[in-house]
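Take a look at the structures below.
Each of the next two complexes has chain A plus one other chain: chain B in the first, chain C in the second.
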Partner chain A sequence: MQPNDATQAQDTLDGYNFAYLDEQTKRMIRRATLKAVAIPGYQVPFAGREMPLPYGWGTGGIQVTAAVIGPDDTLKVIDQGADDTTNAVSIRRFFARTAGVATTERTTQASLIQTRHRIPEAPLTEDQILVYQVPIPEPLRWMEARESETRKMHALEEYGVMHVKLYEDIAHLGRIATSYDYPVRVNGRYVMAPSPIPKFDNPKMDMMPALQLFGAGREKRIYAVPPYTRVESLDFEDHPFEVQAWDEACALCGATDSYLDEVVIDDAGGRMFVCSDTDHCTQRTASREAAE
Partner chain B sequence: MTAAAAMDLSAETPLLRVRDLTRLYGDRVGCEGVSFDLWPGEVLGIVGESGSGKTTLLNTLSARLEPSAGTVEYDTRDAGLTDIYQLSEPRRRLLTRTDWGIVHQNPRDGLRMGVSAGANIGERLMAVGARHYGNIRADALDWMGRVEIRDERVDDLPRTFSGGMQQRLQIARNLVTGPRLVFMDEPTGGLDVSVQARLLDLLRSLVTGMRLSVILVTHDLAVARLLAHRLMVMKDGRVVEQGLTDQVLDDPHHPYTQLLVSSVLQV
Partner chain C sequence: MYVAVKGGERAIDNAHRLLAEERRGDRAVPALSLTQIKEQMTLAVDRVMTEGSLYDRDLAALAIKQARGDLVEAIFLLRAYRTTLPRLAVSEPVDTARMTIRRRVSATFKDLPGGQVLGPTFDYTHRLMDFKLAAEADDDAEPCERGEPRQDETVPRVADLLGEEGLIEPEVPRDGDTAEPGDITREPLEFPADRSTRLQSLARGDEGYLLGLAYSTQRGYGRNHPFAGEIRMGDVAVEIVPEELGFAVEIGDITVTECQMINQFKGSKAAPPQFTRGYGLTFGQGERKAMAMALVDRSLRAEELGEDLTAPAQDAEFVLSHCDNVEASGFVQHLKLPHYVDFQGELVTVRALRREHERKEATDAAE
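Up next is the complex of A and B:
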């Protein structure tokens, strides 16, 4: 917990309910969430509210977080793996001010993690909840524009078109080039968009001990993967699912097993690879320095 | 007639049994009181002028438009003759995707324009569970050859194809799962005459080779004569005359059929 967070925890905003949303709205979102947990991967419509930030900035995730957060929770917010980018900072401060909860950047200390585009590298536990911000919840959308039809396709398990998309990748590029928002099948039933996380993170979703909740604000959908649920990435028998790999190690902490961002450092073609998960990188660096 | 020899005359149950099929649009009649049997390997032509109810009838037969009255029974592989409108929706959709094919007049209605030719052909295979890329692609290439599209076009989008090629691609996409019954709505409409002739040739050899049953809607009597074993002539939503194709066209009995036959330009 950072010191300025502690002071903010004392004075939450006057005139606002705990965690911004009114209790009836939270109740409605919790009901949708319970249904989503009961039917893993199924998109539950909910009456999404206007939030004090634009669509696309995490209005879905923030509503789910507001509905499940309690005074005793410790919140971590990440954006592309980082705790210190605009989106993460503003959402973390939003809950520090409206709910007065403790916040942290440490994955292991958080009880509730709202994320955009990454799953933390540190394994999550049964005591944690991971909330994803989702721009487009419908994995079939790129192949079928009609909502009435995609709902029917989900209901009847007609998922052939998902493989048409992967087929196109292989036909044109020689491999499955989809690298983020890689479609998964949850509990052997519903095909689900894992939100735009890199496919590097897909295997972490499988049998994860933590509860995973997904909120799409513009599309007004909530879906979920309960703890210890099978999550399989779609693939072909002769083109199995595989994750990204790098030749380099993280330039800061030397990690070879984490998701790396390529950072351009000058205008002469210089670049470095660093962990996208800032907490993971910081912890590794700290423990290495402690050992020395 | 040599084509008739391909028909399976030994079959005991028809592939499709239609009784008193009626579709109303409010007070107006789409089609009314249509009854017929379609046997395995048979090509049935439905002819008539625009607005005579041909397409309504075809849509009702192909499970896309619920009838107001009457039954459409199909000889399913597991349960024999079954009313297709009594089937559960998943089974009906599975049936239309595997055992049936639908060739639209406009290939844009039947093709997925945003994905390559190979993916168009492979879609039905993937829909019924094919998960081996190499096999799917081999099947797609095989079918490209059978409908006379060159192999190197397999990764091209259908919108870069000519009208005739699009139509052939649509046929390949439908036939890849080995259907038993294909519905065709004016398959040669909008194509020029030489392309039409090649397409008809191709259709004829595919239909005979795969022993397909076909219900063919057309306003072009020449197409009907080339492909259809049997003809039904429709006017104002009713079947006014039916019989063997040559019989109907050479010796029309109903005044409307006579008019239709006599209005074809003789070149």
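Up next is the complex of A and C:
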């Protein structure tokens, strides 16, 4: 039997519906989500509600999570890959209070994972759903500020500006200078913002067995990548897409294959590198200790 | 040794306790009661109700207290509560001509039916510090006699008076207006937005933002030649038509401030020269906001009236996408959340670019 680190389901907050949102609102969000799944990468407008957490703190992800979570789910919440960053703690607590669901820090034990800025290192499965918090859902926003224009560009599959932007990077700098929120093309059709995950995580989205849902609360958009869907990072034949790499290994667990955070450890410029995915790091450290 | 950012949970709990302590302040000073806020911070309550889009003085007072007087935070609190409320009925349009008027001024006519009523206004106060208020003897102030409010008397709006002569455009649905008013709390804001949706956004919009935009139109960024046709403040009846009755019943009064701007218009191919309108409405007494809203409303009609679009205040997508202070405050302040993953990505990129730059310089120097 697997050790179960998940906290048990608890009683919920009095006076509020399961997972905070009323059932009509959940239905509206589920409809938008179904449409999003049916048209991979297409941004579906939805009547986002004001949540008791501020815009920018993950209100879109929270609404999507609230609409898909059930009493039997086990929830994991990460921010910057870590379960113990303050906002991840706050959102996990929000659902522990309002839905009484079990929560976990183990990627493999979660049925539902809400994330900000990372995809866990451990491969996800068909039984899992990954919910991304999205600040700016429109990948074309920095080329064209107007929603009325960008919607037309998506409809006409007019993505030239995006390639021009990437090309200009290469012409000026010799390389594509986008390091996070790196644009992808979903199922060969819609260009999509993967949310501000590092481009290191982009390849994980491709043909992922888990359902990927994206919620942008302030911008009131939901989009999705269904399981086993092609997700290509935009590039050029002579400048293929590449991800970040480090010369160092994680100072805690020795991983060389994970995304590393740089930590300043003294005022003399000393640095160390550690896994951004805290669960990945913990599991590796534990299994190393067990082996010794 | 590196200490991971652990213990977020305890830090949050402690921060909340500290916040509660700071909110309370010196315990030797009596706590503010909601009644005090409701009765003496009336304009703060009005603003929170307007931008929180919920008419409830008690809840607004509670929000102000809980937010330590930070009105944008109080607006957020009220909005987050409002969104959980069931929608029991939709009221009939309020008729401001039947308002029980407490203040009514027109800048376009010296006198007019219903008269000018100055009412409680800061307008002609000299902004001198009133040290008597600091001396705590406020309660002894001589009470002011209030005139009897004129009940059940229709006071025609200035715009209606002009309308009789056809000098001002009639207020009728235009191309693109839907039969039912839009509701951005139930449908996402999409562009182009019809006027009812624009007005709803502006009514919920941040007073400071609208004030700045309105001011910009007066300084030439999309000038629209306004006159304050009328500003009126007072109580209006709210009526609903219950399905089982089939006729309107009054469910209560609310205080509102209404501003009708009258704007010059030289006419176009389709329309004769006539005055056009800008409209502003707030809960409570919110004259600055109502006037700013009316100016911006008129600016946003530039396209419909065939005017050149040259200024930010005429750009509906720009104005409406950024006028909500709950959204704006959240997104601006989210920058304080951790971004170290993205920043690490940028560090890697900048270091690579710098290496490339140094290599190039070295090669150039060698040549």
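Here is the rule we go by: the second predicted complex is superposed on the first by the 282 of 292 C-alpha atoms of A that agree within 3 Å, B and C clash if a C-alpha of one lies under 4 Å from a C-alpha of the other, contacts with A are read in each partner's own complex, and residues count from 1 in each chain.
Going forward, a contact is a pair of C-beta atoms (placed from the backbone, for glycine too) under 8 Å apart; a residue touches a chain by one contact, two chains touch by 3 or more.
Fair warning: this is a prediction, and the values are worked out from it, not measured in the lab.
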{"item": "First, second, both or neither for A:170, with chain B first and chain C second", "value": "first"}
{"item": "Touching partner for A:41 - first (chain B), second (chain C), both, neither", "value": "neither"}
{"item": "Partner chain(s) touched by A:148 [first = chain B, second = chain C, both, neither]", "value": "second"}
{"item": "Chain B or chain C, by number of chain A residues touched", "value": "C"}
{"item": "Contacts of A:81 with chain B and chain C, given as first, second, both or neither", "value": "second"}
{"item": "Chain B versus chain C as contact partner of A:160, first or second or both or neither", "value": "first"}
{"item": "Partner chain in contact with A:194 - chain B first, chain C second, else both or neither", "value": "neither"}
{"item": "Partner chain in contact with A:179 - chain B first, chain C second, else both or neither", "value": "second"}
{"item": "Partner chain(s) touched by A:260 [first = chain B, second = chain C, both, neither]", "value": "second"}
{"item": "Contacts of A:60 with chain B and chain C, given as first, second, both or neither", "value": "neither"}
{"item": "Shared chain A surface residues [contacts with chain B and with chain C]", "value": "none"}
{"item": "Touching residues on chain A, where the partner in the complex is chain B", "value": "143, 156-158, 160-161, 163-165, 167-168, 170-172, 235-239"}
{"item": "Contact set on chain B toward chain A in their complex", "value": "89-90, 93, 112, 115-116, 118-119, 122-124, 126-128, 131-134, 136-137, 154-155"}
{"item": "In the complex with chain C, residue positions of chain A that touch it", "value": "16, 22, 45-52, 54-57, 59, 79-82, 84-90, 93, 116-118, 135, 146-148, 173-175, 177, 179-181, 196-200, 218, 220-221, 244, 246, 251, 259-263, 265, 272, 274, 276, 278"}
{"item": "Touching residues (chain side chain C, partner chain A) in the complex", "value": "1-2, 4-9, 11-12, 76, 79-80, 82-84, 86, 185-192, 317, 321, 326-327, 329-334, 337-342, 344-349, 352-353, 356"}
